[in-house]
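Got a structure here, written out as C-alpha cells. Questions coming.
First chain written, first letter: the chains are A, B, C and D, and each begins at residue 1.
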Amino acid sequence: MIIVCKASANEEKLNKLIAHLNSLGLETHVSIGVMSTVIGLIGDTSKVDIESLEAWDITEKVKRVSEPFKLANRKFHNEPTVIDINGVKIGDKYFSVMAGPCSVESEEQIIACAKSIKAAGGNILRGGAFKPRTSPYAFRGLKEKGLDLLLTAKKETGLPVVSELMSLEHLDLFSDIDIIQIGARNMQNFELLSELGKCGKPILLKRGLANTIEEWLMSAEYIMASGNPNVILCERGIRTFETTTRNTLDISAVPVLRGLTHLPVIIDPSHATGKATLIHPLAKAGVAVGADGLMIEVHPTPEQALCDGAQSITPQKFAEIMSDVKTLCHIEGRIL
Amino acid sequence: MIIVCKASANEEKLNKLIAHLNSLGLETHVSIGVMSTVIGLIGDTSKVDIESLEAWDITEKVKRVSEPFKLANRKFHNEPTVIDINGVKIGDKYFSVMAGPCSVESEEQIIACAKSIKAAGGNILRGGAFKPRTSPYAFRGLKEKGLDLLLTAKKETGLPVVSELMSLEHLDLFSDIDIIQIGARNMQNFELLSELGKCGKPILLKRGLANTIEEWLMSAEYIMASGNPNVILCERGIRTFETTTRNTLDISAVPVLRGLTHLPVIIDPSHATGKATLIHPLAKAGVAVGADGLMIEVHPTPEQALCDGAQSITPQKFAEIMSDVKTLCHIEGRIL
Amino acid sequence: MIIVCKASANEEKLNKLIAHLNSLGLETHVSIGVMSTVIGLIGDTSKVDIESLEAWDITEKVKRVSEPFKLANRKFHNEPTVIDINGVKIGDKYFSVMAGPCSVESEEQIIACAKSIKAAGGNILRGGAFKPRTSPYAFRGLKEKGLDLLLTAKKETGLPVVSELMSLEHLDLFSDIDIIQIGARNMQNFELLSELGKCGKPILLKRGLANTIEEWLMSAEYIMASGNPNVILCERGIRTFETTTRNTLDISAVPVLRGLTHLPVIIDPSHATGKATLIHPLAKAGVAVGADGLMIEVHPTPEQALCDGAQSITPQKFAEIMSDVKTLCHIEGRIL
Amino acid sequence: MIIVCKASANEEKLNKLIAHLNSLGLETHVSIGVMSTVIGLIGDTSKVDIESLEAWDITEKVKRVSEPFKLANRKFHNEPTVIDINGVKIGDKYFSVMAGPCSVESEEQIIACAKSIKAAGGNILRGGAFKPRTSPYAFRGLKEKGLDLLLTAKKETGLPVVSELMSLEHLDLFSDIDIIQIGARNMQNFELLSELGKCGKPILLKRGLANTIEEWLMSAEYIMASGNPNVILCERGIRTFETTTRNTLDISAVPVLRGLTHLPVIIDPSHATGKATLIHPLAKAGVAVGADGLMIEVHPTPEQALCDGAQSITPQKFAEIMSDVKTLCHIEGRIL
C-alpha cells in the first residue's frame, strides 16, 4: 500500500502519520518528491482501512499494491482447487455442466428435464425453488415443495443438484442439496456469506451485477474465512449500457480469475444474455476461454415456463450444444 | 404492453398466441405491417411475464408500455406522501437532514455527534451498528451494543434515529429504532423486503449500485405490497466507469422520481462520492434539485473513524453546510 | 414505432397528433386503454425523429419497433457479406487474422513482424502510422513515413495491410492501404464516415467505447448510405466499471450482430483487455463464438514498443495462438 | 509513478529495469517486500509510457501517483481562469448562461429565440449549424447557412455566439463565431484538438459519453499544449445503465474539477437528460453545486424542432428558469 501525501504536508504532520502507521505494525518507506511525498507501507496491509488513511488531511490518495484477499489468492495457494460433488468434480482438468429449469414447476417437468440432461451428458441438475423476482407480483418459486421435487429428480437420475438459497431461514431445507447457489443479488449479503462459511457444502457464488472481480473474490474470501474452502465462482454477466442482451457476459473474467485465484470458475450464458438463441455460441466460447464449467437453463417447453422462458432452451437444443461442448473439451484436454 | 412478431409469423401461429393472451384476461389489438406484426395488449399487464412471451418462437421482442409498479405509482396516488417520524416529517413541504457517524463506536462519540448535529439543525440521527463491509477482515460494527448506544443518544437529544438492518434475524433488536435503513447491497434482497412490509416502521430504501429507477421502485413496491406504505427512497450514487468518486451521484433521479412516484426522495452525498470535500456542494445541489432530505456522515475525528473516514465530515463542517442548506430550503419553500 | 400518450390526452389533441403523423406519410392505429392511449405507426419510420414526437405535450414516450438501419440489416439482405481484400476473404466461411504492431516503428521492426505473422498463418498485416493517444505528450506515430514502411512490408510479404485513418486530410496517403481502420474514438465522427462511403475501400469499423450495437450499425449505415458496402465490424471492448481489464470484451456482440446484420464481425482481444496474458484464451473464445476474424497486436520486443507494449505479444506467442486458432477454425468449418 | 514487481523478479532483472528507468532520466527508490518489490519513480513521469513498463515480464502493475496533465492542472496554476468572450466573462465569480436552439432552422426562429433569451437574461446564444446525428437519414443542420443566420442573430442582439465544429474542413467558416464547441463524440478527436490549439478562440469542450474526468482534462491539455489556454469544460452527462434519462448527469464532476483544474466548468442539463421537464431542477442544481455556467436548449415550438425537440424548452419556460438561476447566483455571490 502506498500513501501519496499533499505538497502541503510538513515534516511534523508526516511524522505524526508515520508514527500512526508504525503503531499499526507497518514499516514505512518515505520518498520525498517535488510535487508530493509518497509513503510505502510494508507488512500485512489486508486489515488496514484505506478510508481512515484518506481522512488524514495531508493524504492526497491511498493505493493498494497487493490484493486484499488471501485465502482465495493464487499467490498463497498455487494449485487449482478441485471440488468433488458426490463424485462429480469441478476444477483443474474437470469440466462440469449444470443444467435444468430456472424454476422447478412440477414433478413431471423436473424429472423429464433431469433425464434429458443426463442423457445429453450434463452432470449436475439445477432447479430453482426460491426465486428472486424483481416484481412482487411475479411467480416466486415452489419453495420447500420445489426442493422436494428436485431431490426426487436427484434420486431418479443420480445427478447431484444445485439450487439457490435466498435467506438463512431456509438453510435447514438445503441439507440434501449438493451445491448451494448464492445469486448475483446476494453476492454482497455479508451475513449470509459468513454463515455459509460454517457449513462445509460447496457454494456456487454468482458475480453481482455491478461487482468488480476483486469484490467478488472478497465475497469468496468471506465464505473461506469462516471455514469453507469449497467455493465455485460463476460469471453471469454484468450490467452495462448495452441493451440487446440482458447483461454483458464478461468472458475475460475467466482468464483474469485464473491468474488471481485457485478457485474454479464457470460461466452462465443463460442469465448473461437472457436470450435462448445466444446460448449455443457463448457455451462454446466458455469452453474455449478455459472455464471449468457451464450453467445452462433448460426447459421442456420454454414458452410455458413460469420464469425466464426467453432464455431457456429445449432439451433437443441442449443435446446439440453438449455435442459441441464435448468436442471442445476433448481439444482442451478437459474431462467432462 | 406490445408484442412485436417476426415477419415469419403466419396466421395460425398468431392465432395461437392471441388465444393464449386472451386466456390471461387480456384484450388484443393487432396491427399487421410489412416487416412485422404488432400485438397491443390491453388490460392489467402488471402480472404478465415478459420472458415467457419472448419464448414464443414468433416473438421478436416484447415491450412494456405502462409501469410495472402500482402502489408506488404517482398515476394512482397523486398526492405526495409525507412520513411522520416521531414528529419529524419528510416529504412534500418537509425537508429532513439525517446525520451521524458511519458507525457507532462509543457512547462518547455518538452522544457528542448527536448533540452537534442537533445544534446545527439536523433532525434525525444516523448511526450504523451492523456494517456491510467488502472485506471479512474489516470492522463490522458494534452490533447490538451499537444499537443500544444509538438509543442512548436518542434519549439524550430527542432525535429520532435511523440504522441499517442487514438480516431479518436482527429485526427484534430494531423495535425502538425509528427508521430501518436497507442498504444498497440489499435493495433486491426480496425476502427481506417482503418481511419489512409486515412491520409498519418507516423504511429508508437505498438504491442499489447498479439498479435502475424502475427496479428501485419495484423494490419499494415489494414493501408496500406487503402492507407498509412508509418508504423513503435514498439516492446514494450508482456505479459507473468514473473513478475519481466512489460512485456517481445520479442527481436527475430526484426529478425523475418526482414524476413517477409519490414517495419522498433523499440524497446521500457521503456514499455517492466517498470524499469529504465534495459533501458541501452536493448537499446544496440536493436541496436545489428538489430532494426531500439529505443523509450525511459526520464524525468528531474522521481520521480515527473505524469506517468510511474519508467521506466523513467534522461537526464544524456540518454546521457550515447546514447554514447553506437552511438558506436554500427557505428559498425553495421547504420546512426544515 | 408506437407512441404512448398520457392519460390526459383528449380527443382534440390526439386528432392533431394523428393528423401530423399522417402528414409524414404514416398510417396510424389507435388503441385506447384505461391508463393510456397507444398510437401504432405503420410505414417507413426510419426517418421519423423520435425526439420531436416526444416534444408533444400529450406524449408520454415513443418506442421504436423496427430497427433504424436498413442497408446493414439482415432482414433486407439475408446473405452474409464476404469482403475480398486482394484475395484474402472475410465473412461467411472465411476467417481472417490481422496482426502486427500497434505502431510501425522502423523498417526492421515491421518487416520482421510481417514475416513472422505470415509464417504463423496470419493473413493481413496491421500497423499504426497515425496513433490516437490520450496524452499530447505521448508518441503519436510515424505518420506518412509509417505508412510507407507498412507498404514496404506489404511488398516484401504480399500480405494486405490495414492501418488507422484519423482525419480526412490524410485520406490521400491511404491509396495503397488495403483496409482503412476507423478507431473506437471516431466511430461517431459522422463527417468522416460519410466521406469514407465515397471511396470503395473496405472499412474496418471499430465499436466505440460506450456505443450500443444499434449505434454501431448506424455508423456502418452512414458508410453504406454513402455508397460503400464493404464494412467490417470490429468488437474491441466497451467501457464498464471493471478495472482489471482495460475494457470489457462484449463477446455476445458477435452472435447478436449475426442476427441483425450480414456484415462480417471480428474481435480484437488486444485492445479489449490491454493485457498480453489474456490474448490467447480470448482469441480462442473469438473463434468458438463464431467471429469472422481476429485482430491481434504483435511486437518483436513488447517492452520496447513505443505504444501499447502491455498488450502486445511476441511472434513466438502469436505462433502458439495461431496453432490453436487453426484447430478451432477446422472444427468450426471456417477457412483460414 | 510506482512499479509493483512480481515475487519472481530476481536481482538481475530488477537491475536491468532500474537501469532502463534511469536511462529515461528518472530516479528510483526500491522497497523490497515479502510478496512484491515496489519501485518508486521520482522525476517527470508525464511522458513515461505505462504500457511499455507493463510489458516487462517482471512487472505486475504500474500505477500513476501524479496527474498526467500539467497546463490544466490547478497545482501549477492555482488562480481560476476567467475567459472573456466579447465582454461576457466565464469563470471565478462570473456565471454565464448559453441558450438557444439545438439547430438553427430559419432566420425567424433564431432571431425570435435570441431576443427571448436576451430578454430573460441569457448572455450567450447557442445554435447548431453542423449537427452530429446517429442516423445518416436525419436532419444534419443547415451548415454554412446556419452559421450565417446565427451571425445575423448575433448582430441583431449583440449576444456572443457558440456553435459546434465537427470537422477541420469547416474551421474557416467559424471566424466570426465567438466560441467553438467540440461535441462529446469529438472529445478524443486528437487531430482536431491539436489544430484548435493553434487558433486563439475560446473552445467549449464537452465531455465524451464514456470519458473519465482525467481523459477529459487530457483533451483540454491537447488544446492548451498547442497554445490555446481558453478552454471551457462542459459536463453533459455520461453513459450508464439507467434509461429513464438519455444520459446520467455527473454533477459531482463540477467540484471534482474545481479541485483538479483552474478551467471554468459549465453544465448542460438538456443533453444530460434529454427531457424538457428535467431542465429546471437540474439548472438550479448546477448553480448550487458551483458550476460556472449553464447551456440550455430553447426552441420557440419544441414539437416542430428539427432535432432534439424532446429536450427543448419554450422561451416562457426559459424565463421562469432564469428567474430561479438569478436568485441562486445572487446567493452564491456569482455575477450573471
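In the analysis below, contacts are C-beta pairs under 8 Å (C-beta built on N, C-alpha and C of every residue); 3 or more make two chains touch, one makes a residue touch a chain.
These numbers come from a predicted model, not from an experiment.
C-beta contact counts were set side by side for A-D and A-B; A-B has more. Rounded to whole angstrom units, the spacing between the C-alpha centres of chain A and chain D is 39.
One inter-chain figure worth recording: chain C and chain D are separated by 26 Å, centre to centre, where each centre is the mean of the chain's CA atoms. Mean C-alpha positions place chain A and chain B at a centre distance of 26 Å. Multi-chain contact residues of chain D (touching two or more other chains): 210, 239-241, 243. A complete topology is adopted by the chain contact network, contact being made between every pair of chains.
Across the complex, chain D is touched by residues 46-47, 49-57, 68, 130, 132-140, 166-169, 185-186, 188-194, 208-210, 215, 218, 221-222, 225-226, 239, 274, 276, 302-312 of chain C.
Contacts from chain C toward chain A in the complex involve residues 210, 212-214, 238, 240-245, 248-256, 259, 272-273, 277-278, 281-282, 284-290, 327-328, 331. Chain B contributes residues 2, 4, 7, 29, 31, 33, 35-36, 38, 40, 42, 63, 65-66, 75, 239-241, 243 to its touches with chain C in the complex.
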